[in-house]
Structure formats: C-alpha cells, structure tokens
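After this come two complexes, each holding chain A, first together with chain B and then together with chain C.
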Partner chain A sequence: MHLAQSKTNTREKFFVAGITIIAALSSLLLIAVVFFMLQESLPIWLDTGGFKFLTGANWRPVAVPPKLGIAPMLVSTMWVALGALLIAAPLGFGCAIFMAEFAPAWLAAVIRPVLNMLTGIPSVVYGFLGAAVLVKFFEVTFDLASGESLFAASLVLAVMVLPFIVANSEAALRAVPAEYRYAGLSLGVSKPYFALHILVPMARKGMLGALVLAFGRAMGETMAVLMLAGNTLLVPTSWFSKGEPLPALIALELGSATPGTLHYQALFAAGLVLVVLVIAVNVIINIILRRTRSGVNSI
Partner chain B sequence: MKTKRLLSILLVAAMSLFLLSGCTGEQQGADNNPAPEQKSSIKIGGSSTLAPIIAKCADNFTEEFKTWDKVDASLPEEPIVIFVSTGGSGFGMKSAVDGTFDFGMVSKDLKDEEKAQFADGTNVQLGSDVLDIAVNPSNPVAQVKPDLTTEELKAIFSGEIKNWNQLDASLPDRAIVVAVRDLGGGASEVFDKAVMKGTPISPEALQIPSMGALAGKVMDNADTIGYVSSGLVNQNPDKITALSVDGIAPTVENIVAGKYTIGRPLLLVSPNKPDSKEKAFLDYLQSEKGLKVVEEMGYIPFSK
Partner chain C sequence: MNKRNLTDYLLTGFFWVSGLFILLVLVAILAYLIWRGGAFINMEFILGSPAGYPLGSEGGIFPAIKGTLWLVLLALIFSIIPGLATAIYLSEYGRNQRLAEPVNLLVQSMTGIPSIVVGLFVYALCVVKLRWGISLLAGGVALSLMVFPVIVVTSRDALLAVNDNYRLVAKALGVSESYTLWRIILPRAVPGILAGILLALGYAAGATAPIMVTAAAIIASSSGVLLEPVMALPYHLYILFNEHMSLDNAYATALVLVLMLLFINALALWLHSMQERNNAR
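Let's look at the complex of A and B:
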C-alpha cells in the first residue's frame, strides 16, 4: 500500500515536470522569436536610430546610402486595420446582438457555424477574390486608373475579422447573468430596450475585447493586403489612397533582400515593430478582460 | 501505459534536443560542406523566374532515367529525387551558401562580392531573361508610340510624367499606372541598371508581388505600363504588347546580339563543386534537352 502510494507520487512528479517543461518551451518560443528579430535588426536600432526608422517617410532600401523609414507602412497598417474595424464593428456587434437575443435557436444554429467557417477560408483565397473582383469593380465603377486601395484591403479584412467579433461579442452577451434579464423583464421593459440599454452596457467590455482582438488580427494579416493595398511607398493621405502595410512590405521584399545588408536588417526591424504592436494589442485585451469580470461583479 | 509514457518522455527529450541544436546547426552545416556522395536527393531553391524551368527539367530528367544508374553506370541504383522550391534570388543565394539547398537559383547579375562566394564552386548560366516594356494591347500607345526612348521610360517610371497625354498629345488624358516588382528584387535591379541608372522609381508605383501578377495587371488594366519577363510576354502574345526601347525591339535576334540590354542571366550557383549526381543533372540542364525547356518557357537559352 505504502509502496503503491510512493509510486503514484513519483509518477505525478514526472507528469508535472513534463508538463512544466512543455509549457516553458512554448513560452520560450515567443521569447526566442522576439529575441531573434531583435538580434537581426540590432544595427537598425543602434546605427540608423529607432526614431528615424519609425518616422522616416522615405523607403529606398537599395539606394546608396539606403533610406530606411517605415512611416508610410506604419500609417498604412493602422489605416487598413482601423478601417477594417470601422466596417466590421457595426456589422459584427449587430450580428452578435441578434444571435444572442433575437434570433430563433434554429437560425442562430445555422449562422454560427457558417460564420465560424469563414475563419477557415485561407487568407490567400480572400486576397485572390479581392484582387479579381474588388479591384476590377473599383476600376470599372469609379473609372479609376487602378483599383487597389487601402479601402479595398479594409473591406476584405473586415470580412476576415467579422467572425471573431461576432463570436467573442456573442459570448460576452451570453455571459451576462440571468438575474438582470429577470429584473428587466419584471420591470416590463421591451426586448429591444433590454438588449440595448441593459445587455450591451453589461457586456461592453467583452465586446471591446473582441474589437481589440480583431484589430490585432487585421494588423498582422498579410496575403489579402499584399494583393489589394497597391504597395506604393507614399504616406497614405486618405482611405482611398494606396499604401503598403508592414506585413506586405516584409512579404514582398524579404525574398530579394541580401542577408546581412541594412535592407535585410530593416525588414527584420519592421517585423519586430509589427510583433510588438500585436503583442501590445494582446496585453490590452488581457487587461480589458480582467476588468470585465470585476466589472460585472461590482455592478 | 508504460510504453506510452516512455514515448512521451522520448518526444520531450527529442524536442528539447532540437531546440538546443538549433543554435549550433548552422555551423555544423558549414563544416559538412564537401557534400557526401551518398546524398539521396538534390535540393534546389531560389528565383521564382527560374523555378518552373528547373522543375520542368527535373521532371523530364526523372521520367527519362528513373534511377541514377541509368544516367551513368557508375552511380548507385537509387531513384532520382530532385526538389525545387521558390523564394527569390536572394533567398536562393543565401540557402546555397548556408547549405539548405544544394543549388541556388538566381536570376540577376551577381555583384563581385557575390560572385566570389561561388568562384570555387558552381556558377552556371542556363539562359537569359529579358524584361519587355509591356502595355495592354488596347492602350493606344501601342499604335501611336510603339518605340520609347530610355529617357521617356525614365520619366514614366520615376513619376515625372503622370498622364499618358504628357507622353504624346494624341494619347488619352488618363493616369499612367506604373507597375513594378518589389524594389530591391532581381527584376528591379536589372531595370535600374539598364534604364533608371539610380533614379528612384516613383513612390506611387504599384509594387506587385510576383512576375505573374505583374503580367496579369498589364493584361487587366489598359493604363498600366510595366516591365514583364519576355517569357510571360511570349506566352500571352494577344494580351500583352511589348514596346521597343531606343528603336530596338525585344526580339530573340536583338537579345542574342546583345543590342537589347534590359535583361538578366539565369544562374544556378553553389559554393561547392558538384558531386557526381549533381554534375549529371547540371550536364543535362546544359544539354540541348535542358536548353530547349528554357526556350519553350519563353526565355533565351544560353549559347556558348
């Protein structure tokens, strides 16, 4: 009996140790990626100067001497991602409220898997469809010389992030405790009033979290923006200008950059900027989500 | 139960070993460079222009011989396996140097310091790729002004001229859509060397991620001008029109005679001397059968 006990103990210890190692390795991966990017891009931060790199408006990586400023790409990235949210947020929130509150169970059961399946479509397919349909559509309809624009990229990104917004917002709406519903109904408020004035304010932090998550995804998305944004080097001045978001820049130029050159290091530096932005977004989500829980309890 | 646990422990151990070895792997690769004879496959990677040619040749080669001993009796009786993958000229060179690939495919003129890396190894030219100045056939410039000077090209691609009617008054008052490959890529370098000569490309130019997509843009959009691989132009004679530059049309005769100068070599490079299997494949590529594929794909085969 005693022997068996100690055997289980060792087994457990092994198990815990194994799991801990695996967990440590996976977090090590993230640190290793960031560290590697930092190491590869170090000369940019030290010699060229981080401020100059981030705010420079000229990108001429192969000129002598090279001009390495990613301001146009940073602005493009933000513009495309925020634009996508502007389109996707009203649709996504509306859809989530509908599914959580108004849709009959069978309809929600149809819409939910369809939306989830949208996330499974490879981004290159979205980009391809966008390039084949949207670009041509803009050229013909608005008689533009060329149809690529940040707007076209935002439009496709909006479709791509919509499922995330819907799924997470719906979860947040459904997480609102039932007492509030009973309290509301017993006071005789109508269903729309209940949804808009009680449910949504209660779930608003969760919905904000969904939005931030979508923003992070939109910033990092590559194929669709590569094929739709036009990849010009000017700082975009409107939603309808062309631009080159950071992921497109990296995807476009890394294959042809000679390793060891400033160009190569600058691309790694651009990648690091993107990673840091996305990590920052994730940290913000965590902060928001932590507050959500305490928020509901304190009301 | 026991074996399962053992397996998982082994797996974890293997994973951590991988992680640790990742740090030193590169150096080991460099030490092993004199490639061992018993290597069972040839790995080739790099330029997306060259990849379809090499892949086609590899297919033909594998189909014709099946096993190495049929290529040359002195080689072992093993199936022929050749991997071809793309990733750009720079990537091809890097991977050849660090040993990821046995050969790098490069479609640009090598700089002297790049050439030095392969001086003691392999540096084989299979042909040349010429960049045609391409417009959509429905663009009236193809009739009005089928011949542009280098200066006019420079003005168009640098953004100095923004409308077609600035090039010639009889052309429509529509914006010129300049389409280029990514700056710093092989094709951009060629174009810079032959036409731009250091003048920066207009920041308004659309950078297109692949030569195929660039050709597609020219086919789809009547206001576009771009440089497109002669191979792609020759494959789509009705959908793309090539303009002459300084009175010289991009015909095979002009290219072979060296008159048409917007072009780049198609190279296979490696820092090592080829082993006997690699040698056999290189010989095949440079034989008539190999060069025929180069020509079929629309490029100019290398003539000694």
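Let's look at the complex of A and C:
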C-alpha cells in the first residue's frame, strides 16, 4: 500500500515538473523569436545605422551600394492601419452599443456567432474579394488604370478588424453595472442619450483597448495589404496613393533575398520593427486594461 | 419634433444600421462567392489535379486540399501537447507560482505576433539554417508556432471555467491531484478544449503568409513527404488570382476554403456552447 502510494507520488511529481518545464519553455518562444530576428538583423542596426534604416526614403536592396530605408513602408503600414481604424471604429462601436443596448435578444444571439464566423474567414479570401470586387469597382467608377491604393487596403482591413472591435467593446459595455442603467432610465433619460453619455464614457477604457488591439492586428496583416495596397516603394502622399506596408515587403522579397546579404538582413530588421511595434501596442493595451480589470472606469 | 427627439432617432438608426451591417457583410461574402464560384464546384474540381496552361488555369484543387490537410495535421501534432501542458500548468498548478505571470503574459502577447513574422523566423531557422528548404515540415512548424498560443489560451480558459467547487471537494476528500485533473477537471473541459483546437485548426488552414515563405509551391503533388514543398488552398487561391490564371477557379477555391472553415468554426461554436451548458450545472 505504502509502496504503491509513493509510486504514484513520484509519477505525479514528474508530471508536474514536466508541465512546468514545458510552460517555462513555451514562454521563451516569444523571446526567442525577437532575439533571433535581432541577431539576424544585427549588421543593419550596427553598420547601416538604425536611424538611417528607419528614416531612409529609398529601398534599393540590390543596388551597389544597396540603399536600405524603410520609411515608405513604415508610413504605409501606419497609414493603412490608422485608416482601417478610422472606418471601422464608428461602425464597430455602433454595433457594440447596438448589441449591448438596442438589439432584441434573438438578434444579438444571431450577430454574435456571425462575428465569430467573420473572424474565421481567412485573410487571403478578404484580400481576394477586395482585389477582385472593390478594386475593379474603383477602376470602373473612377476610370483609373489600377484601383489599388492604401484606401482600398484600409477598407478591407476595416471589415477584417470589425469583429474584434465589436466583441471587445461589447464586453466592456456589458461590464457597466446595471444600477447605472436603472438610475439613468428612471430619471427619464432617453435610451440613445443614456448609451452615448453614460454607458460609453464608463466603458471607454475597454473600448479604447478594443481599438488598440485592432490596430495591432491591422498593422501585422499581410495578405490583404499585399493584394490591395499596390506595392510601390514610394512614400505615400495621400490615402489614395499606392504603398507597400512592411508585411507585404517581407512576403514579397524574402524568397529572392540571398541569405547573408544586406538585403536579407534588412528584411529581418523590417520584421523586428514590425514585431516591436505590435508588442508595444500589446503592452500599452495591457497597461490600460490592468488599471481597470473589467474595462469599466470607476468615477 | 424637437431637436432632442431627432438626435435620438438618428442615433438609434445609426446603431441599428451598424448592427445589421455585420450580418450584411457575412451574407454578402457568402452569396457573392456562391454566385461566382458555386457553379464550378463539382467532383472533378475537388478530386482533380491542376491542368491547362499555365498549370492551374483548369482542372481541380485536390493536391491543394491534401497539402492543407498535411500542414494542419503537422501544426496540430507539434502544438497540441505543449499547448495543453502549458494550459494545465497555468490553470491547475501555476496559480500561486511566480512563473505563471510571465508565462501568461508572454503567451498572450504571442497571439499578437503578425503571421508573416512567424514565417520570417521559421524561414531563417528551418529553411535556411537547418537546410530543410521550402518544405511541408517547415510549414508545419510555422503554423504550429502560430496556433500554439491560441491552443494555450482557449484550453486555459476552458479549464478555468470548470467550477472551482470540484477542485475544493476533491482536495477535501483527499483525492490525489493527478486523479482530480484526469478524472474530474479534464473531462469537464473537453468540449472547450476541443473547440479551441478546432479554432486553431481553422486558423492554420486559412493562414497564407507563414506558409507562403516556408512551405508552399505553385504546383506540387503534396503527397506528404516532409522535406518537399506542398500546395495549399489559401496559397493556391492567391496564385490563381495574382498570376491571372483563372478567376473562375479562384472563386471556386475561395468558396471551398470558406465553406470548410465556416463548418469548422460552427462546430467549435457548438462545442463551446456545450461547455458553457456543462458549467452551468
């Protein structure tokens, strides 16, 4: 009896030790990815210079000597992502308020799985539909030679991040204590007034978090921007010019860059910039949300 | 009508419109894909190989379906066990340990890594350094890195959702920790964990960027040889459209891919609701 007991005990200890080690290792994955990218791109930061790399307006990686500046792609990335938020935020917040306050229960129960299904559609399908339908539409309507633009990419990205904005904002809105609803409505305030002037201000941190999360997604999205943004290496001058965001640059050029060359290293430096941007966004959202765990402000 | 009333009507209208817009998007996408692609889907298309010139402008997509299945299978093989182990650690053993917080934070942040960066990492490590070349194996590794945090987070939440009273009672009755875990906690979390795995599966099947640089070829037999490139549905769609091979086939491929993923997603949602019903008890 005693023997059997100690045997299971040892087995249990092994099991716990095993999963603890796996958990510790798995948390190292992210650090390993970042470190590896840093190591691969080190010559860019040390020899070419980080500032020159980030602000250089010319990308001619195979010229002699190569010119490696990612400013056009950085600007494109930001422009596309911010543009997507500009379009998606009003609709997303509107839909979240609708689901939390206005929708009949059955309709909200229909919309919720639909949001899930929309996130399940792969980005290449969004990119394909955008390119085959939207870009065609722009070309025909505005008589353009090619309808690809940062705007087209933003539009499709907006649809892609919409479900995230809705789901997270709705959660924040629902976390507002019910007493405020009773108090507000019993004072004779109309429902839209209540939603806009009481509910939203109370949930604003959670809603901001939803926006920041969507921003991170939009920056890192590859296929849609690859198929829609037009892929030119010039610094974009308006929402309607073409551009090539960082993910598209990496996807397009990685296969042709010879390992060990400056071109190859520069692509890893570009990847590192992208990761750092996205992680920074993640950290910011964590700080925002940590202060108020439910996403609701106390007054 | 006074001004206040008008604003209220306009706002209410806007809220309704934005809510219904979401429904419209899904319906529009599905209807359009079915309209443009539905007629081209038949047994020949599903079970045939790419044909015509350039190769792929006619014929079917069977190798792409096979390739996607292989990639997803590898991704799940590589990620399920470490993912579940990490989730069990976080929900059952790490609650009071100092290690748990950084693990939680880092895994959570991992969900935000852009998929192309995962591709970049695996390209440098597996394709170049380990000399695997563009291969099924490298693609499987890339996809597993991408879905690993998804599996951890969903399984962790499924485990945490199990009523804490079970843990308390088991402990009070002197039941061993491993018995509690395997016989009491895990069975109750199975639907949620399965839902998470399905979600990961769908995520991996639709991912294009990471396999584009690590595994995908325009034409391949996709017979499951680990060190050979494969075809994959999402990449095939990209090529069909981008290289102007065949718009009809592109629509049909997109429809097959979307229907597959929506089915998986619906299954995951159903399992998830089952778990919630379980927990209500």
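The criterion applied here is as follows: the second predicted complex is superposed on the first by the 274 of 299 C-alpha atoms of A that agree within 3 Å, B and C clash if a C-alpha of one lies under 4 Å from a C-alpha of the other, contacts with A are read in each partner's own complex, and residues count from 1 in each chain.
In this section, a residue touches a chain if its C-beta (ideal position, glycine included) is under 8 Å from a C-beta of that chain, and two chains touch if they have at least 3 such contacts.
Since the structure is predicted, the reported quantities are computational estimates derived from the model, not experimental observations.
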Problem - Touched partner set for A:Glu139, first chain B, second chain C, both or neither - result: first
Exercise for the section: Could you look at A:Phe128 and tell me whether it touches chain B, chain C, both or neither (first, second, both, neither)? Expected result: second
Practice task
Check whether A:Met227 is in contact with chain B, with chain C, with both or with neither, and answer first, second, both or neither.
Solution key: both
Practice task
Could you say whether A:Phe36 touches chain B, chain C, both of them, or neither, answering first, second, both or neither?
Solution key: second
Exercise for the section: Could you say whether A:Val62 touches chain B, chain C, both of them, or neither, answering first, second, both or neither? Expected result: first
Exercise for the section: Could you tell me if A:Ile22 is touching chain B, chain C, both of them or neither one (first, second, both, neither)? Expected result: both
Handout entry: Of chain C and chain B, partner touching more chain A residues
Key = C
Exercise for the section: Quick one: classify A:Gly94 as touching chain B (first), chain C (second), both or neither. Expected result: second
Practice task
Using the superposition on chain A described above, determine whether A:Gly255 touches chain B (first), chain C (second), both, or neither.
Solution key: both
Practice task
Identify the overlap between the chain B-contacting and the chain C-contacting residues of chain A.
Solution key: 18, 22, 25, 28, 131, 227, 251, 254-255, 259
Problem - chain B-touching residues of chain A, taken from the complex the two chains share - result: 14, 18, 21-22, 25, 28, 59-63, 131, 136, 139, 145-146, 148, 226-227, 230-234, 242, 244, 251-259, 263
Completion exercise
Listed in rising order, chain A residues that touch chain C in their complex are 8, 11-12, 15-16, 18-20, 22-31, 33, 36-37, 40, 90-95, 97-99, 101-103, 107, 110-111, 113-118, 120-125, 127-129, 131-133, 159, 162-163, 166, 190-193, 195-196, 216-217, 219-223, 227, 247, 250-251, 254-255, 259, 267-268, 271, 274-275, 278-279, 281-283, 286
Handout entry: Sites on chain C touched by chain A in the complex
Key = 4, 7-8, 11-12, 14-19, 21-23, 25-26, 29, 32-33, 82-83, 85-86, 88-90, 93-94, 99-100, 102-103, 105-110, 112-121, 123-125, 128, 145, 148, 152, 176-178, 202, 205-209, 212-213, 234-235, 237-238, 241-242, 247, 250-251, 254, 257-258, 261-262, 264-266, 269
Exercise for the section: Could you please specify the touching residues of chain B with respect to chain A in the complex? Expected result: 5, 8-9, 12, 15-16, 19, 87-91, 93-94, 114, 174-177, 182-186, 188-189, 192, 198, 200, 203-209, 213, 217, 220-221, 223-224
